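Take a look at this one; I'll ask things after.
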Amino acid sequence: MSAQLFFLAAFGLAAVWFGIVVFRTHSMVRSALALLFSQTAIGAMFLVMQAEFLGILQIMMMATEMSIMAIFMVMFMMDPGGLGEMDMKHQRKLSLGAGAVAFAGAVAVAFLAEWGRLPASIPGAAEQVRLLGLELLGRSMLIFESAGLTILTAMIAATAVAVQPPQVPDRPAGGPGAAGTHGHGGHGGHGAGGHDHSEHGDHAGQDHAGHDHSGHDHGGHDHAKHAHAKHDHEGRGQEKHQAHSGHEDHGGHEGHGEHGHAAHDQAGKDHGGQAADSDDHAGHDHSGHDHGGHDHDHGKDHGKDHGKDHRKDHGHGAERDRPAPAKAPPGQHRKGHEENGT
Amino acid sequence: MTGLVLAVALGLGAYGVAVLEHWASTGRFRVAGPAISALALLGRESILPRKPDRLFFETAPVLLLVAAVLSLAVLPLAPGLIAADLATGALAFNAALAYVLVALIMAGWGPDGAYGMIGGWRFLGQLIAYAMLVVMPITAVAMRAESLSTVQIVASQEGLWNIAYQPLGFALFALAGMAMAFAPPFDLPTAAGDLAGGVEAEYTGVRRLVFRLGRMVLILSVASAMTVFYLGGWLGPWLPGWAWSAAKILAVASAMLLGGRMVPRLREAALLEWSWKLGIPLALANIFIVGLIVLVVPT
Amino acid sequence: MSELTQYAILFALAVGIVGLVLSLYALARAIGRNKPEPGKDVPATAGQLSRDPVWVRYHARYYGYALLFLAFDMEMAFMYPWAVVYRQEGLVALLDMGVFLAILFLGLLYGWSQGALRRQ
Amino acid sequence: MTMEGAREFTPLPIFGALRRLVAGALARDLRALVVPGPDVARALGLDLEAAGLIPAEGPRQASVLVVIAPLPGKLRDAASVAYAQMPRPRALLALGGNKLSPLPAPDISAEPTQAGLETAMRQLRALISHASFAERVSEYSAPTVQSRIVYTCPMHPEIVSDEPGNCPKCGMFLVPRETSAALQPPAHEHGTSSMAAAAIAPDAHDANPDHAHGSEANSYTCPMHPEVISDQPGNCPKCGMTLVPAGKDENHAGHGHDHSAHHHHDSQAGANSYTCPMHPEVTSDQPGNCPKCGMTLVPAGEGENHAGHGHDHSAHHHHDSQAGANSYTCPMHPEVISDQPGNCPKCGMTLVPVEEASTGGPGDHASQGGHDHAAMQEGEETGWLERIEPGFMSMVEMTQGAPRSSDGLQMEWITVPFGPFFPGLPGGLVVEFLLDGDTVVEARTTSLAGRGDLLAEGPMPAAGFVDMLGARMPLAPVSYRLLACRAIESAAGARPGAETEAARDAALARERAASHLLWLAQLGRQLGLPRIESRAAALHRTLRRADPQDLRAQIPAIRRLSRQLAAARLLTRRLRAVGDLPDPAAWTGPAGPDHSAAGRLAARLADMEQALEAAAAAPALAIPAVQEIGAASGHGHAMIETARGTAHLHVTLKAGRVSSARLQTPSAAHVALVGPLTAQHELADALVAVASLDLDPWEIDA
Amino acid sequence: MSAELLTVVMIGAALFGTGIYGALSQTNLVMIMMGIELILAAALLNLVAFWRYLHPGAMEGQMFVLIVMTVMAVEMAVGFAVAISRFRARGSVEMEEARELKG
């Protein structure tokens, strides 16, 4: 099968070439994207070796992770554009020697070891995913859960090391209500009564369209009509709960009706102690075959929002939450430990 | 033979999306509009910035177009009509669209312009917001279909479409899909109002034509992904399979483009906050719900 | 058809698109030539020439999210194979993944409480 | 017919037909960049979309430059920059006057009316479809786009000199950098007083006028105010410090940004003592090299009196061994080793002595010592045994001066202009943000549309003065004509008739409503709401010249629009957190209880409806015109409520002619609000906050 | 000893060598992490090669690949967190200046 060998060699050389470019180029973003394409070439080699799931996973994961590496390189390296042609290397001879020794060692192992016979056949792509799934839930269950724990420790370590706890309690910039320093204590929901929620002074209105788009719905065929209807609907929506952070009702359109967020009770429980705001299942005019309680003022969101809702006046003070920098003006931040250069 | 049909379908679909986008942005429905603007772009000079990262500046539009077309290649339009029926098709769709981010970072960083650079890094923030919300709904879809192959996923929606089976997943995937195609109101990287064109500010002439072609194919690909994953692909009572697919894709694309312009542009801080504090919990909840339903409902 | 031919199709598709774009560039070059003029190639900022390089250390304010995303992203790799065999395995699989997702969600909650999920 | 902005082509046999087809497409796909701005075009009643022009976001996407009415000089320069940046084939359409000096002669010119625009469009389409490709094309060049090479140090960009050489601070070779030619204070201007050079107006052409100006070898500059340049030593007019030879002693601005306005360190009167930037303890009374690291000494005046930074540099410095070391290396290129001090061949930095292989070195120095770096390139003859502490470009030194952002990181800030023709901002307004990532740190707002003082060409007759003031303010002509009439009448003591007064008030009310609609259209463009933009622009067009009956007919449509906007929860949420006025007292425009952008939106909607009712109720509307006041003389004052706030005008008449006039406009007062409004805000919020102030660049004379 | 397995292992070795060179020669923390990413990628490549050419039946190989990917992601997350905190404290992430890790 010389075709497989040819493509393996081609992608392999591409991977090695990009690997070398990573350390030779002066521009940091070029070096990060060179590593990205090196990983993509390695993913392509996985595909050539018929490990489809791993290959596509490698191609996908590495694209996002290496781009994040690119932004961190741009944040922390002296001359990200590479204009100054600065030479950021030291102990050059040692590393060259170590690299050569490593390569020689691996090649020696490659040639000296006795690899054994080639397998007769390998499972198909769909079969591989299924087998990996069974493996995941079967023999390697412990590894799977310990990987989860490793990721948990990584998240906690990264947050603890890198993120400065907010000087002001972490009020979301219009987000769906944040725990801030007082955790996710269950908050007695305000109840979804009242068509227009009191002015959340601190809850600086940030476009909440994020994930509970009120404006328009994208399902179903006859969208155009609904989209417009939806918009006017919103306009008239006094009698309808206009939860500013709740899931806007997609129910404007008939047919499949509003897909309830029974999850909200579910999620409510997941949040631990989140008092599911049950009384706000205000009826909503949509044919419902959804799966249980649906509401548009997410109990849990409202619970969180209202719980830490600050009356308008309270919100005004210096640490008034501005959407972008959900923190006080810099002056307040510059406490003792950081001197201000200017 | 299917290759030719697919190419024609891709061309027509992209042109249809371009007409819808022209209608949404200029308010006039002119079928010839995109053709005229494409020819005009072909006739204009393609200016190269003076000290750019020439490699980035040249590869960005091509990479965007390649990523969009590859993501379309794994989506079926009709029972036999698919470019590459991979066993992990749903994953491949997501993998191809991860390179849209790489293309936009290159387009933003290459020409050394302030608007472009800010637009490029903003889109990385936008990816951090939408990436998880694309992946988890697809997992829920795969749970029902017991396979990652897109053809299997469509076949599994025989009785009940996924929009009815898992509507929460649909809502999240719809919004995340629009964010992935940076269609308004998620057009942070190419915002007209605050970045005067952002990443595509420095592109003129034929490079801009390739960039816009990539965007149109991207919107088409996101619309057809929504159709395949949630609206039962080619399933439909009377019309032939491809007709249903085409109708659904154009309906979803028009809803995305027209509905999206009724809402003011989002802020990156709000997008990140909403997706991480509300979106991901809902996506996890969606997986649990679908998990329960899959066990309970016998089909 | 076998998987390798499908990958070959995808690869050929990518190369074909690149070829199409190059032919489009050639066509455009045949239609007209570029004329370098003073000030034309400077990045345009709304009616002013911004000549200074902007390749500086960009302060991305979302690094709190980025750190959590790097770790949280791995959950996807484990969820896909699980999703494929979920129906076959039944409730046990749901509990397994439930534990895994709960663990990760705790990490998210911790980040949230420490103020990582905000614009730094 | 030939087009100035045509595109060159090489005649190939088969592509002629395709080129004609493309030219036809170019003629129908016209994307217009409107100078000074789409708001001025709408204020004149022009409907560009109806005429077939699609608004372009910037010069790169535009194929037609539409220039409206006579423009002040600075706007013409900016227009020439935009024209130079448009890709060919490009056309120039002038409406209402065609002397546009830096711009080439317009291809088509017409009156600024809709009919004139329609005819111009037909001619333009014909011209483009025939003449957009030409064999030979002349190059367009204007002084505003010429560029000049200056030399600057990559590590200290504030050091600029006209010829290559060494950077006085770190000795590195100066790298060529392109800057706008117009920035250079004309060298031949020696005769004029030193102040002339100092008063260089903020240069509209170069994006960052705050970079130190090109300094000749013989000119002197002030360490605190680099823009102050004079040809002979003396005191700086701004802060009285003695001027020092330029190019040698620059204020130690942080990398990439110039805080001259912020530095308050007061250097001693005579900069007689010199110190080393890296070793403050080394001082000597004449310039030379620092004995410890060999860097050129700089006058102590600006030396190390940075706000005290905790970093104690000496701890970092690796080359703190005494002069006795026998080998020198370059901090940037450790592989360059030589036995005697000098300059590094690769980058020109002065070589620094290398530490001895200290046996018991503190900390992990020793562990590093073991490495063997001897065999460097170019076969340096140093013994390989000797451990070379690789001096390297210390990043600490680079970030040590930078101020910290709010999360404690010291990042580089860039100055980005959101220039005269920015989609969503009023045409002619330049907002220059100092950006830390995408957060605004500092904002500077200037207007290119200001036209200097009112009576530039001496006293004017009353009627002429009213017309001049009306013509000067295209966005609010009726308001300012009324202001002028009232001021002149109060000066002359004449009282207009009751119904002319009512007619004038009705005209003012109509213009207030129309101006708010104009603002709504602009806000829709900025937030990405094309439907709101088109509806507001259409209503504005019908309202602009409507008489009371038409106004009454329009009331339901306008009320529906304003109710829809008030009820649009997403819009109000988007605006609620933006543009909170720190001190509401300074705001004279329409304001409600809530001082954020959402509050101003609600107030403007209410004001619009109320003004519309007032105008519709009036029996008749009349454009204000001054009556006959004969040869009266005296002093008068008038104050009216324009859509943007209260405007005052003081006028003195002398024998029927206006001899002196002083105008205070609301926008001139509101410009000062931009700074505090946008500090530490995200870029998108800052731009929406600036848009929510509804500034009228024509009223601002900055 | 199949030619393909040999090619893949050789390429893995080359990547491993490049990664080692990069990790040791760079002065910046972030660049050192790039080197480590390359080393891990080489390990990934070898793992998949061994799974494909030697033990296709044993799915532990693929499971191990997932674990190595997790290691890559976790290593990047924690590495950047350290980089951020060092940059905030010291103003630079150059390894030369990390000599004194005291406060």
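As written, the chain order gives the labels A, B, C, D and E, with residue 1 at the start of each chain.
We adopt the following convention: contacts are C-beta pairs under 8 Å (C-beta built on N, C-alpha and C of every residue); 3 or more make two chains touch, one makes a residue touch a chain.
Owing to the predicted nature of the structure, the values given are computational and were not obtained by experimental measurement.
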Set of chains adjacent to chain C and to chain E: A, D
Labels of chains that are neighbours to chain A and to chain C: B, D, E
Interface with more contacting C-beta pairs, comparing B-C to A-B: A-B
Chain whose Cα centroid lies nearest the overall Cα centroid: C
Remotest chain, chain D as reference, centres from CA atoms: E
Separation of mean Cα positions, chain D and chain B [Å, integer]: 36
Averaged-CA centre spacing for the pair chain D and chain C, given as whole angstrom: 34
Whole-Å separation of chain centres (CA-atom averages), chain A against chain E: 22
Residues of chain B engaged with two or more neighbouring chains: 42-43, 45-47, 50, 86-88, 91, 109, 112, 114-115, 118, 121, 124, 128-129, 131, 147-148, 185, 196, 201-202, 205, 262-264, 267-269, 273, 277, 281, 284, 288
For chain A, residues contacting two or more additional chains: 4, 27, 50, 52-53, 57, 61, 64-65, 68, 71-72, 74-79, 81, 83, 88, 90-92, 94, 124-125, 128-129, 132, 134-136, 144, 147, 151, 154-155, 158-160, 162, 164, 172-175, 178, 206-209, 215, 270, 323-327
For chain C, residues that touch 2 or more chains besides their own: 3, 7, 27, 31-32, 35, 40, 42, 44-46, 50, 53-61, 63, 66-74, 76-78, 80, 83-86, 105, 108, 112, 117-120
Which pairs of chains touch, using the document's own definition: A-B, A-C, A-D, A-E, B-C, B-D, C-D, C-E, D-E
Contact footprint of chain A on chain B as seen in their complex: 53, 55-56, 86-88, 91-92, 94-95, 98-99, 101-102, 105-106, 109, 112, 121, 124, 127-129, 131, 133, 147-149, 163-164, 166-168, 170-172, 174-175, 177-178, 185, 226, 230-231, 247-248, 251-252, 254-256, 258-260, 262-264, 266-267, 269-271, 273-275, 277-279, 281-282, 284-286, 288-289, 293
Sites on chain D touched by chain E in the complex: 311, 315-316, 318, 363-365, 390, 392, 394-396, 398-400, 402, 407-410
Residues of chain C defined as touching chain A within the complex: 3-4, 7, 53, 55-61, 63-64, 66-78, 80-86, 89, 92-93, 96, 99-100, 102-120
Sites on chain D touched by chain B in the complex: 7, 19, 21-23, 25-26, 28-29, 49, 54, 57-58, 60-61, 63, 85, 87-89, 132-133, 178, 414, 416, 422-424, 435, 437-438, 525-531, 534, 570-571, 574, 682-685, 687-688
Chain A - residues contacting chain E, complex: 1, 4-5, 8-9, 12-13, 15-16, 19-20, 22-23, 31-32, 35, 38-39, 42, 45-46, 49-51, 53-54, 57-58, 61, 65-66, 68-69, 72-73, 75-78, 88-92, 94-96, 98-100, 102-103, 106-107, 109-111, 115-116, 118-119, 121-123, 128, 131-132, 134-136, 139-140, 143-144, 147, 150-151, 153-155, 157-162, 164
